[in-house]
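Structure below; questions to follow.
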Amino acid sequence: MKKRIITIGEVMMRLVTNDHQRFLQANHYNVYFGGAEANVAISLSHFGQETVHITAYPDNDLGRAAYNYLKKNGVDTSYISFLEKGRMGVYFHEKGSMQRSSRIIYDRFGSSFSLLKDSDFDWDAIFEDASWLHWTGITPAISESASSLCKTAIQKAREKGITVSGDINYRRNLWQYGKRPLDIMPELIANTDVIIAGLSDFENCIGIKKDSFEEACNETHKRFPEIKTIAVTRRISISASENKLSALLYDKGQLYISKEYEMSNMVDRIGGGDAFMAGLIYGLLFKNKQEALEFALAASVLKHSIPGDANLVTVDEVNQLVKEENLGRLLR
Amino acid sequence: MKKRIITIGEVMMRLVTNDHQRFLQANHYNVYFGGAEANVAISLSHFGQETVHITAYPDNDLGRAAYNYLKKNGVDTSYISFLEKGRMGVYFHEKGSMQRSSRIIYDRFGSSFSLLKDSDFDWDAIFEDASWLHWTGITPAISESASSLCKTAIQKAREKGITVSGDINYRRNLWQYGKRPLDIMPELIANTDVIIAGLSDFENCIGIKKDSFEEACNETHKRFPEIKTIAVTRRISISASENKLSALLYDKGQLYISKEYEMSNMVDRIGGGDAFMAGLIYGLLFKNKQEALEFALAASVLKHSIPGDANLVTVDEVNQLVKEENLGRLLR
Amino acid sequence: MKKRIITIGEVMMRLVTNDHQRFLQANHYNVYFGGAEANVAISLSHFGQETVHITAYPDNDLGRAAYNYLKKNGVDTSYISFLEKGRMGVYFHEKGSMQRSSRIIYDRFGSSFSLLKDSDFDWDAIFEDASWLHWTGITPAISESASSLCKTAIQKAREKGITVSGDINYRRNLWQYGKRPLDIMPELIANTDVIIAGLSDFENCIGIKKDSFEEACNETHKRFPEIKTIAVTRRISISASENKLSALLYDKGQLYISKEYEMSNMVDRIGGGDAFMAGLIYGLLFKNKQEALEFALAASVLKHSIPGDANLVTVDEVNQLVKEENLGRLLR
Amino acid sequence: MKKRIITIGEVMMRLVTNDHQRFLQANHYNVYFGGAEANVAISLSHFGQETVHITAYPDNDLGRAAYNYLKKNGVDTSYISFLEKGRMGVYFHEKGSMQRSSRIIYDRFGSSFSLLKDSDFDWDAIFEDASWLHWTGITPAISESASSLCKTAIQKAREKGITVSGDINYRRNLWQYGKRPLDIMPELIANTDVIIAGLSDFENCIGIKKDSFEEACNETHKRFPEIKTIAVTRRISISASENKLSALLYDKGQLYISKEYEMSNMVDRIGGGDAFMAGLIYGLLFKNKQEALEFALAASVLKHSIPGDANLVTVDEVNQLVKEENLGRLLR
Amino acid sequence: MKKRIITIGEVMMRLVTNDHQRFLQANHYNVYFGGAEANVAISLSHFGQETVHITAYPDNDLGRAAYNYLKKNGVDTSYISFLEKGRMGVYFHEKGSMQRSSRIIYDRFGSSFSLLKDSDFDWDAIFEDASWLHWTGITPAISESASSLCKTAIQKAREKGITVSGDINYRRNLWQYGKRPLDIMPELIANTDVIIAGLSDFENCIGIKKDSFEEACNETHKRFPEIKTIAVTRRISISASENKLSALLYDKGQLYISKEYEMSNMVDRIGGGDAFMAGLIYGLLFKNKQEALEFALAASVLKHSIPGDANLVTVDEVNQLVKEENLGRLLR
Amino acid sequence: MKKRIITIGEVMMRLVTNDHQRFLQANHYNVYFGGAEANVAISLSHFGQETVHITAYPDNDLGRAAYNYLKKNGVDTSYISFLEKGRMGVYFHEKGSMQRSSRIIYDRFGSSFSLLKDSDFDWDAIFEDASWLHWTGITPAISESASSLCKTAIQKAREKGITVSGDINYRRNLWQYGKRPLDIMPELIANTDVIIAGLSDFENCIGIKKDSFEEACNETHKRFPEIKTIAVTRRISISASENKLSALLYDKGQLYISKEYEMSNMVDRIGGGDAFMAGLIYGLLFKNKQEALEFALAASVLKHSIPGDANLVTVDEVNQLVKEENLGRLLR
């Protein structure tokens, strides 16, 4: 029951302030690594799946540390490139609290990943025995070559009949290399089976402007018949440490609605969406639609309790939360 | 008004992850010491009582550090043995958060305490001028000799007319030396005046299976006439950092019910039951039943705000909480 | 639109325990600096104003570290004295949690500031182009000479037609040099335009004992016609990490009432009142009364999310909270 | 030029005090993992070789963390067993300084590794394409089954014509399961090509008592003709942070002598011998004898500059030290 | 062979910068406790002796933490007073390095100890069964009442025929209460059997100005016939982390000279003199003069390897250093 | 005697590993800020001089933190620009030990400073009352516009008759914008009065290839008559924590030679050259040549004892080292 899942995308070093200090106060940073797609791979690896991540690092010890991080988390790193060119993307994270927002300063331009070319890979080897390819809208937003890399990966997967998922994840601050989302994204999305998208993603990336998720899904389904499944999480932000989280899943015309979780005393919300994505992939592979949705949501909830980008939980732990077992107990 | 109280039991080193990290992420551990019975002794020592703890440590500097820890907290360490044999019991603690449970990995087998013999002690000296003996169901579960040690202590206390309390504290994962709880516990409990027991304790340790605490108490009282007082805490676990806590006290047929506390932003729930026990001993020595119950519960609540196993609060601080004074204020 | 604002008062070193440890557990302390008036100056400096703080430090590297702290936060330190005499005032802070109060142990007697003389300053230079002077009731409570310093500053400001604000901030444990508040405070308050005062301040510092803020304001206004504006915050302490906060503003007979904020997962409430004061000064300088009150309250709320005494937020961040934008979101 | 090298042995968690604190002062421990044979594997992995480590961990998250540690360092973990039985071996390390010795408290009895059986493995798969097997005298000292496991591995390697190395590493405190070294070790050593042994190892493990390394080697060579190469390091301990290190290599009758390094300001000497062993294996595979000896020694010297058990250096870095390039410089 | 030894003196909180940071850089401090006389008591307690320390603390949790610190280290704390008056003395310690000196900023005036009165004690109880009293020249330098306390203790000890030792330890920055050393010290020294004194101590405290230790001893012996033994350490400061240390002992006309130790990579030199004193007391009680001197010096050397004021070593560890065994080795 | 000194150059964030960990082990980084020229400004500021630093930061809180860092250290920050464009340059620092080199990974391309234009400044205001301008060869190596900025600053200083110093500091890894050092540097150096240069600097930046410093100086003096003074430090690297340091000063044909310092237990060598430069500027302003050289060298030695880039020492401390007073003592 172990599936081979391919992910592709940049991994950055995250530097986080301590004790909810502001950037202005920081005299040391904790170090984590993360990237939307690698986070999905790591979570699926902890769910017992075979995962392969495709990325590039600078050929120095920061790159090697990032490489070791994936390896340690069970991801197959055979297809990771070390480039002489480019740098390790970094992002600084100021931990918010109460009504004060958390803040991120990205410093990712010129990364080795942004310089990676699709001709560098043996795509047949990568996709051999693979069941799934996952990409996000961050990759085509980074650079011309990253965009091309993403497109090639999707095409190759398509050719081999592998399921493709994409987290649209529109980020206004990226897209600085001369192309706009509407130039690039529709073609990528058109060849994707499962997408995560919110209203802003629909509008900015495929030009569908609707008032509700369901309407947007119906329209998307009409225009992009390849897309079978669309999901989204709903986050109500009460404070930096208190959110409510629920999710919706649209599958070929039918809408599934999850329960809602109250998350108080959140530890780290970064990677919450990626944890949902990983849970959804696992769920769609091994469960029915409603179960898949609940599994994905519970996985995402657990992520909020763990520092760092990755969701270091097992399938059992997620299932227990779905069944409301052992909530916050002391397990001896 | 200072009473001499004897406690007996193992003390372990606790190693705790930081920042709610999972075991998989830990690169350093904070060090605390604790053990159910020693926690009671330390709390009573901070309540101004004279306390004596009986235990054994390996004859190395880990043992001496554990010894110093008790000494620093005002516990009389004169009867602690340093053994060439055995090791320091250790437990690893992963701090949960939100809906994610806290987890403990015990590594306590083969401890010096488990090898301690009852013939090693001058019981008359220990119990001279003593008012109270406290034991828990962990000790008889550890090893044959620990079980025998516990039994001897109870008998000696009985002979001298000293009040005996026992926290039944049934732990399925212990009891690995060939005896079952029902082989051992009934005899120990029969000679105990005050017990802490929940439904699972009644069932597993004295074979009384009932649907409610009160019924179980009535039945226990019938079968074990020596037991005068039975108490229990009620914990509703909303999340790893949010619990509700209340308590019940049964005394010779009468049931006392406490108020309920909402505990949010809990710092450390380990030792909460021991803090209740220490509060109950103090309360039963110096207050009436209802007051004793409320004192014990408030003591337990305060423990949840302090890192480490022990309840480092004064009688005044507990009384203030009972009276709802200074709740969470900034005291200058 | 940049105003020059003068503050005067002692700055202390704050030593804070970690992880909610009690003083009894502390093996290291985090270092912050703070003082009621300097906290106001720093906050106004982060609001883009020109601020000048008047104080004295011992002529050693602890004093220089405190000096650098103000400099780093944009405060003009030209009028800070380094004295051979006296010491750096210190306060130790034990972080509470849940129902357990936070506690402060002050160790501030004999500080260099308490020995500072008003003849040491060129008041004309200090107040040149200044728009505002801020003092608190802590200064006259410290020593005879500090009281005299405060009085001189107020008189000089008055002579130059500069607005004066005072946070009455009655502290019973100070006032140990032989004078009582009623000997000193009425004269200082009589020359102040804007005060922060609660019922206990009115009673102890100007002898007005009333049941409500509004009554006390009316009476104060009658007796001290110079006082135009009086404000106060209302704090409901649910626990050490959960408070509700609202505020009232009285201006020449009219009462303005703020909304109320729920503050859960508070990081550090010390300096919350000073953040309100800084917000109020900013608001009264640049906004209407109701807006000034809401701005001051929102500023204070944000302070509770930041470790240390000072409110390191911008005008934009406060305005966003007033407008309820970005509450606890993740800003990329 | 990449060789496949198999290592077999226990991996423990190391808990280290901070700032040269004694165990009596420790309030937190830094966490590392290590084991004599795994240290060799990791170092060889950083030298670019393919390494496979054979061990067992308890089936809990401490075991998984130890597993991830090997994976992250490039070791093939496919043959690691997770057992329900047994525990994670632990050792506590007090960092010495000056004339004060460093101290280790082992807590390794009953580990999962000590319970591992040789029948659990597919030895053919393990040794396929392998060039080298490395074992140490710690494994046969741990338990009957560990001893048997070691013997089987050596035999299988012998059958397949794979080079075998063994670090004799006699430890008096182990060997507690009823057998003595002379009962077990001669047979294992007899089938080993390359050994590390000092005078105490010769005496205790093969009963050869001589006054010099060379004499002992000659005698060993006579009695155990299979042993071609014998090496040893010479450490002169001036203080806990200042040592001199040199080494000798005996190869079929010829003695090679290394230069001597002065090591001051040592960071961590644990694992220094394993770093030598890894360097020696690399050297014997790819260099002549004298070069192999110098490479091994330089590798060991570098290890003393790195915290933790493992020698995280590259072949280039070792070669530079051999050539005395860049000694302690700042490489930009 | 266990002796009861009484020490008297102030205990302060020490706050130390990290990583050799200067005070100007400190954002956190490590906490230790220490005082010249208490350091002697703790060291003797770790040497297996019964020790009693006489001091006073402020009646707050900083005082209680200091009290617990002594208790944890085996010192009898029964005669420690908690005073409403006064404060906890503090000293800030900036760790030097290389040619840069370490620096201390004392903040000890007005401590509770400086306010302690000799009438507060039951001297007969304190000295019952005691063998030794130790004081230092710091106590009479602190305040009039501390001076009187010291004098009373010496007189009482004299009356009971108890050996008295005194570390003259002249500190120019103390002595601020109106008396000069020559007003006070001669009388105290005249009743002391064993003193530690250097040339500056002889000159400033008993007015004996000589060019060599031996001459000063001869003259002292002539004028103060009660003084039988005088010792001193010789420190050559090569850098903040490299010193040479030797010592001299004068006993009734005869001079004993120790060997010299090279101390490189020193961890903490504060308390080195107190460690010597404790070693000397132990040596004079249980060894001959030359052995006593070597034991005292070796004890002092070991102290330099341990962070904090106290010498946490055993008699065995000191004896091993005297015999040059295990120098800086790794003891498994 | 206070001089106004202008410095110009990039400031980066430095992220340093802990405990001599390698990059591969880092899970947190300590944060410092530094830049060759700003380091000079800060040191001169701690020497009591008025310093102005010219640089640019990105307009975010990382930039503001860097800005505050200069302000806190007494540097006039009025001419610092906050740019929308560009990023904060970062460098990662792995602390070496023993024979293992320290390593730096620069990540500085595209910094805000590299985008700064010379037209952005009011040079007349900057140089008003200034005595000195200091630049380094790093600035012209960064970008075309930085090079132009440097050239303009030197020209303006020249026009106003201000002394100019330059630390040639050739870095092969910079110079990536299309120009080579020999295209740019000769013109800048020709207008500089005081330079720091080693043999590689002479060769690469002005094309003078000689075998000795003195010959190179003579030739330089001949070709660039404006250059009056040339200095250089001589570092012998025994290990990462042990160096010897001496220096040479050439002044109009005469060579001055310093003493040599042994530096063992170095804390941080980064910034050692900048500390020398600052000491030299101070020395040339206020002392004779030989004294200036010794002052500069002693200042540099002290820097090696302080973590971070900047030399936080006073003129008194440097003078004491020159006079060999208080070497590594404990100053109370």
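Which chain is which? They are A, B, C, D, E and F, in the order written, and residues in each are numbered from 1.
The definition used in the following text is that a contact is a pair of C-beta atoms (placed from the backbone, for glycine too) under 8 Å apart; a residue touches a chain by one contact, two chains touch by 3 or more.
From a predicted model like this one, the values you see are computed outputs, not experimental measurements.
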| item | value |
| --- | --- |
| Joint neighbours of chain F and chain A, given as chain labels | C, D |
| Neighbouring chains common to chain B and chain C, by label | A, E |
| Copies chain A and chain B touch via same or different residues, half shared test | different |
| Identified repeat of the A-F interface (over half of residue pairs identical), from B-D, B-C or B-E | B-D |
| Separation of mean Cα positions, chain F and chain C [Å, integer] | 41 |
| CA centroid of chain C to CA centroid of chain D, Å | 62 |
| Inter-centroid spacing, chain C versus chain A (mean Cα positions, whole Å) | 45 |
| Where chain A touches two or more other chains, by residue | 22, 24, 27, 30, 68, 103, 264-265 |
| In contact (per the touch rule at the top): chain pairs | A-B, A-C, A-D, A-F, B-C, B-D, B-E, C-E, C-F, D-E, D-F, E-F |
| Interfacial residue positions of chain E with respect to chain D in the complex | 30, 261, 263-267, 301-302, 304-308, 312-313, 317, 321, 326-332 |
| Residue ranges of chain C touching chain E (in the complex, touch as defined) | 15, 22-24, 26-31, 60-62, 64-65, 68, 87-88, 90, 92, 94, 103, 105, 107, 109-110 |
| Contact footprint of chain F on chain E as seen in their complex | 19-22, 24-25, 96-104, 106, 171, 173, 237-243, 264-265, 269-270 |
| Touching residues (chain side chain F, partner chain C) in the complex | 68-69, 71-74 |
